[in-house]
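Both complexes shown next keep subunit A, but they swap its partner, so subunit B is in the first and subunit C is in the second.
== the complex of A and B ==
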């Protein structure tokens, strides 16, 4: 009887350890996504991209539809908030491009070509696009590859944070508002064709 | 009787000595091969050494570490000290101009540091005092918590700076969290204690980078606020004083001029080595308050010198760098942050708690040794055996004590920065020691040059941001070599 006990303990321990190991599962469609406990996750960015890009397309399509498909150079998104976008960026870019392309009047130019042209003309900041010389240099390089854009799109993320200390029965709380604004400008004139934004607030408990 | 006991005593002594001898390598000895190679600017060897440590710590195949540049998902940064080694690895990647991997590795390190940050749980920290400090999870020195996002910001500038502002803000967030910590402040609920973090000084580097990014974007008033914070925290560093002046009364740059920021990671940063310290009154006071929480009484007698971490900073006085173009001096760096001094200040501020923990630990061990002695006395008529066993047990338990000398060794001794206004066009900057930077300066634009030079007597690595680096000249077409005649 004692021998059974002796064997049972390590087996039970092994079972517990095994149960604590890494696991993975495929989430069902429509199942709730995780909300990050320290910084924004997929849910936040998916929502922001969906909201703002859809608005952008709605605002810009009326004009665009009348004049045929426009070639869009998507410059990217810059961070003006407290959280870096780094590993979220490829997915965000894909989603924005997908919405733009599927909206009808836009075709999106290769992002690699856009990045290369930006580097070639030293176009680091999006605000550079409002200077004719910079736009001309950029469209010139893109045009050399027969891909001169008609419109340029870029985005900016910002965060606003409010913190409150917890009491005896509550934890410290941090509320953070995330926003993504997208701008579309005419590649030839630099005129802003459309500017929209989406917002989401997340509450973090420390 | 005495003759009979001798062999037994020898056995006990041998056992005790073997315990002492078995005390494994101190952390600073473990990292030494990497740190030495890094300090000699032998980046290839440093990377090999750190890869071995990562594989060992993360429990993965060395080939996986090397092939994936330590980025494979199977390498768990939270396992043991893996994240610390990943931070070291990030510097070797930076030295290889692999900024992408450097950023990913630093982010992994930063995320583990964030989860291990201890704000106010003094009791938990004291309860773990029975263990040697080196057996605890490494939580990162507070300056390492701050410098990780600071370095991320600098490296990100080389990639275009898309996230640089976010990282600069994180420096401020982390810094304020640390300085706002209540750790150790009120240990017994009656206001007794000591908060080491209240002794810290704020670091100017995050605010400077924040100002730099804002100024680049044309927001002079916001840039000024950030620079002013940098001045308040870092003192009258010439480059910061000039920045404050420029953003209030000046202009970004003269017409048709751009700005080159040279950021030099100069010299070998602080390394922790083991030293010894006597027990201090402040530490005993804290130990006695702490003992109320953990239910032990701290003995004040017989406290021998305690192994403690001591900061070694061989390049603490790294000289500034003079920068030349076309044979003319165009500027010199200013030290924005002296990492060695900050590390030393923080270690000193934390010393009372380090010693207090050691005092508590020794008390617990003494209680254990007394138990061994009592047990031996009960089973042996000779009182000497019990005493000897007690002394040897205590000796074995305390002789193996090691100071926690873990730290991020590849940090520089100093962060030095220079801001040069230069006419637009291509420039070759002479950075001394045979180092050059080919920079394409655009009017009204920033360019970034990062110099990684751990060995001040040798050339380091010079990195230029992707928007300012000169396009590589097209390789001349060489005629295909004639095929060798077959034998």
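== the complex of A and C ==
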């Protein structure tokens, strides 16, 4: 009996060590996704991109016009929320661009061209584009007459947080609402043609 | 103490009962898996994302957006109406030059010419021919050739004002010009409108003889083809992105054209058969721009005035011209006419060394050539005063520079003695920023001004002209 007890301790330790090791596996399609416990992750940002971009495409489905499809320049997302987007940001850019390219009645100008044109014109901030002369310079660099963008797409991520401190027998709770709003701006006047947003709320406990 | 109890690990292990071990294990497991001592990973249903790219792939190969049937030509009816109006203009034009419609679009920083602009203009020329227009109808290609001949850049015909200013050079009675203006968001956010206008400019009458306008809205998809053409640039305009090599106006060609124009204008006012003697074409007077020439002309003027005074005096007293005594030129007293002439020769040499002198002489040679061609078979235009003596030449140059040739009997007499019947005196003038060449023709028989003409130099060539004058 004593021998069994003696063997139990190293076995238990071995089990604990084994449990701490790294593993990886391919998740099945449709399998549930991990919800981050301190910050938003794929689930949240996928939802935001899906909601906002689909709404934008639907809302902007303007009637067919004789001068051909709208030329759209997606020029980025401004992060105004409490959390850094880290590796989410480039992925969000790609996803939005992919949806715009494949679903809407648009001709989407390459974001690389857009970024390069912004550099060429010397625009550091997105808001610089709301000055008419900057916009004219930007559209001028993007192309002449029928090649310049008709519409600029611009996004903003925001968060709103509600916090509740726990007591002796309850945990601290934090609710955070994440939103991604996308707006379509008339490239020639700077007015907002349409604005939509996607939202998701997450409750964190600690 | 047994040997086994000496081992610390065993001693610790032995001090716990199996139940305690199990309890600790279960506690740790619970701590990790429940919310008592921290969190547990939570999972939520995956967001259902639509794969738009895959949907497109599934839908088959991407279809190219073709125009399809039911496309309309918005200009058909207005062009027919317009060409009919041009046909019935009063007075009837003998020739019509049609220029492309020019696009004004705030997206671009200057007017430009679209495929639709050229197409519509050519449609007007075609309609005129089809409707039996008796005169000449120049389409955009013909007009381009004529512009090159007239030494005008195509880009100088992009506004109505420029058309009005240069239309006479095209040599057509009516110049058809048009505009296409793009207005965005007309009535709706996504509705743009092209407003097209055709205008017929009556060149002799200096007025818009007739015009018509029509609109092409973008919410009518039967105008897709029209919009496509309206957004595509044509190579007609010289400064288009096609960067087509085109004849650019040059000063030499401009002066040739000016000489031809001035000679034609003079030839219509003078009768070559009535000219007693040859036509002397004086060097172009550029005194207003060359200080050396101004000094020379001033001295010649004073000299001419003194000679004329003495000649008139001698004639009144029925004596020979008194060429002795002092003479004052430009405030300096010279002891004799010879000394004064020597001074003028020096001034003349200084002037001859300037680029302006060569320019003036070459223009006059060109003008003499043009006059010779137009006064044939009389054709006696000459550039030099070989048969006139140096004293008389100074007198003549002086009177010419002061516009006194008509009243100076002595100068006229000297010229007539040299076999000259008509003097053509060209002068370069500057009015504001505009340069023009004026030509006066003096008939020596009765000392009257036989005729005159003026022709402006294209503003684009002013820089080259100033270089030629050595300024």
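Operating definition for what follows: the second predicted complex is superposed on the first by the 175 of 206 C-alpha atoms of A that agree within 3 Å, B and C clash if a C-alpha of one lies under 4 Å from a C-alpha of the other, contacts with A are read in each partner's own complex, and residues count from 1 in each chain.
Operating definition for what follows: a contact is a pair of C-beta atoms (placed from the backbone, for glycine too) under 8 Å apart; a residue touches a chain by one contact, two chains touch by 3 or more.
Since the structure is predicted, the reported quantities are computational estimates derived from the model, not experimental observations.
K.L.:
Quick one: is A:119 in contact with subunit B, with subunit C, with both, or with neither? Answer first, second, both or neither.
P.N.:
first
K.L.:
Among the partners subunit B and subunit C, which is in contact with a greater number of residues of subunit A?
P.N.:
Of subunit B and subunit C, the partner in contact with more residues of subunit A is C.
K.L.:
Per the contact definition in the header, classify A:81: touching subunit B only (first), subunit C only (second), both, or neither.
P.N.:
In the superposition, A:81 touches subunit B alone.
K.L.:
Report for A:188: first if it touches subunit B alone, second if subunit C alone, otherwise both or neither.
P.N.:
Second partner only, subunit C.
K.L.:
Using the touch definition from the top, say if A:99 reaches subunit B (first), subunit C (second), both or neither.
P.N.:
A:99: touches subunit C, not subunit B.
K.L.:
Pick one for A:127: touches subunit B only (first), subunit C only (second), both, or neither.
P.N.:
first
K.L.:
Could you list which residues of subunit A make contact with subunit B in one structure and with subunit C in the other?
P.N.:
Residues common to the subunit A contacts of subunit C and of subunit B do not exist here, since the sets are disjoint.
K.L.:
What part of subunit A is in contact with subunit C in the complex they form?
P.N.:
Listed in rising order, the residues are 2, 5-6, 8-9, 12, 30-35, 37, 43, 46-47, 50, 54, 62-70, 98-99, 101-103, 139-140, 144-146, 148, 171, 186, 188-189, 193, 205-206.
K.L.:
Under the stated contact criterion, what part of subunit B meets subunit A in this complex?
P.N.:
By the definition above, subunit B touches subunit A via 103, 107, 114, 152, 156, 160-163, 165-167, 169-170, 173, 216-218, 440, 442, 445-446, 466-468, 471.
K.L.:
What residues on subunit C touch subunit A, complex-wise?
P.N.:
Residue list for subunit C touching subunit A: 9-10, 13-14, 16, 18, 21, 25, 35, 39, 41-50, 52-53, 55-56, 65, 105-109, 112, 184-185, 189-192, 216-224, 226-228, 231-233, 241.
K.L.:
Of all residues in subunit A, which touch subunit B in the complex?
P.N.:
Spelled out, the residues of subunit A in touch with subunit B are 38, 76-86, 118-120, 122-125, 127.
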